[in-house]
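In what follows, chain A forms one complex with chain B and a second complex with chain C.
And now, the complex of A and B:
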């Protein structure tokens, strides 16, 4: 764990806010994304399970994202801002037509999947996921 | 910090108002600003509050909460409209807890009451727990649209995190259609923290399924698809294509022509020129996306008048953009000069 540099606190001091220190929790995500026997690019996103307080509480909240390949083991390290949300969700979609867009109009119906990581917070997270639901963003795949 | 506020405002704010109407060549035209925000500073996520505070002109950002409060009430919005010479304005409800925060339908209605002869409202709804809350949210939207001054629906897929082509949310358009309520939609990547920048949430091409399925609903494409991240015209040509191919598509050129977004006054004149070239002037509805900071509503109107002049708009065309198209699309009485 480490603290953000003091410079990042300056804007909040200028606007008269309370302390806005963020504690970062280091996470290493490992796993494999599969879609049958296919190979190709897959985007993985990591989200909070929930974030925000009071009326501003909401599911999800993207922390980071990266590209990897189907059926290929990956390792991805990221900093989890502990004061901004709880839980961890991993969402992935297979870019079958390699256009960088999930289900562009008139194009291929591409598969996606989502997992809620049990037992979080954990420094080491293992995720193996089969994608299969067509054209769904993370908001549509919440349990 | 709060004790600084009166002095800061005195330093920074012109207190004057202008006569109703805006000058366009030799004509004086009524002005309606269809894109205004209200609400409470604390109902904005902290990351977005920091983002906004950094963008207030110095020294207003030193006490951003007080600056915001001075312009976000119904009275504050009316004062900004007065500075711009605007006859009427439209306040947006917003339900975007991950990005720009929440302004409830009830808050909008409360602020409309500051002057129900000049202020209208667009209603909205939460979509972040759609699987469980869908029916209740649609019922609340339906109830809000029963208010006689709530004349449309505001959606921002990028800020609210739902795909523009996701049929699970098309019930929103059923409610809009039942009330003959136009739907305003944010289009294009947005600079606010917590926004979904991916194409299905920002690219108006993804709206075409809904536009086609609901020909009786007016779709107003906010910001003309401008890319606020890269500072370029983004999906302008997609918006123009959609308007040419669908009679129920309208165009709203707010925010991207501001002094910070378009310092050389290139983007807004270009967009309005392209629209005129395509014969779509009768589809443009003026909005500023104010108040933002004191004086912004007035400045944006001035920059739009400059852009229309550059693009060769006649006085009649400017009148349509500044108020006439709004009255026709929202089926309200045209704004008139006193």
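And now, the complex of A and C:
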């Protein structure tokens, strides 16, 4: 029975019948996130501008996220799945109280910011962002 | 739908007027002996040499068509088409054969290969293989039956990676397991026509995905030469 999957693979390879095709566009994101002269952890999220097709189309759609530090240059490489959406949005928020949660109740009002990357798709994307809007998720900051 | 009903009606007529009808009538116990009703051939597995049988099964969510023809040596080639809500299609070709064949019961096995095509939000297509075991008890014209199958489908995925300097294409394979449990009651109305009512449980994507059982009603039609009544002492 272990030989069955490899044997079944042969017809697909011979006929070139792929079940699913994923197109990944390599992107290298560089930049600096600032908030005045503050220093601390900042979470950066990359989103589609729009994701899904037809009735399932909606704004945003997270692709990846990572942590970096304020006022520190970063380089982040990720795969952009071209079949799932269009455009690129970079959102960041400063974790002022270092709790890993944006504006947890009773805690500090943490600043956030969002940029729509113009001219995407691009392999090299440079983003310099000054976060400053309090307690806003990416959906609130969409232009 | 009308075409399917018309085809079924035509097959019923062909079956009823076929030469096998000229076989001497047997009293009720004889009727139940192996190789007699086409319904039992379809649901119990295997057909006598030269006998054919087909089944049209409607159900929710699975419906199917199946045809088989008995060959010399007990091997029965068969064609099988299953569909789930007309969105997932599983056409197959294969062989069936009786492993144990007794007047009161039957055990058979079958092997099929084919192709899975799924449409909808997440389309899939790839080759599959199915191994099935059928067990049937024969109680006069009525025969409870049970079948278990293990189905394996392999999907080949293509990944295109576009970097600044090159575009690379790689292929990877996914295996999908789909065990199936079926059971039902077959009723031989005549030797050539019968019905079956039962449930079928297709665990597509097991063990990660769970499924609910479905119900079906099948109509079986068949004809062709039948073996002489078997000795119950066999």
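Simple rule for what comes next: the second predicted complex is superposed on the first by the 123 of 143 C-alpha atoms of A that agree within 3 Å, B and C clash if a C-alpha of one lies under 4 Å from a C-alpha of the other, contacts with A are read in each partner's own complex, and residues count from 1 in each chain.
Operating definition for what follows: contacts are C-beta pairs under 8 Å (C-beta built on N, C-alpha and C of every residue); 3 or more make two chains touch, one makes a residue touch a chain.
Source: prediction; values computed, not measured.
In the superposition on chain A, contact of A:57 is made with chain B only, not with chain C.
Once the two complexes are overlaid on the shared chain, A:70 sits clear of chain B and of chain C alike.
Of the two partner chains placed by superposition, only chain C is touched by A:21; chain B is not. In the superposition on chain A, no contact is made by A:29 with either chain B or chain C. In the superposition on chain A, no contact is made by A:127 with either chain B or chain C.
When the two complexes are laid over each other on chain A, chain A has residues 11-12, 17, 20, 56 in contact with both chain B and chain C. By the touch criterion given at the top, residues 11-12, 14-17, 20, 51-52, 55-62, 101-105, 135, 137, 139-140, 142 of chain A touch chain B in their complex. Across the complex, chain C meets chain A through its residues 115, 121, 123-129, 152-164, 171, 173-175.
On the side of chain A, the complex with chain C involves touching residues 4-5, 7-9, 11-13, 17-26, 56, 79, 82, 123-124.
Looking at the complex, you find that chain B touches chain A at residues 1-2, 43, 45-46, 49-50, 53-54, 61-65, 97-98, 101-102, 128-131, 161-163, 165-166, 168, 194, 196, 198-201, 205-206, 208-209.
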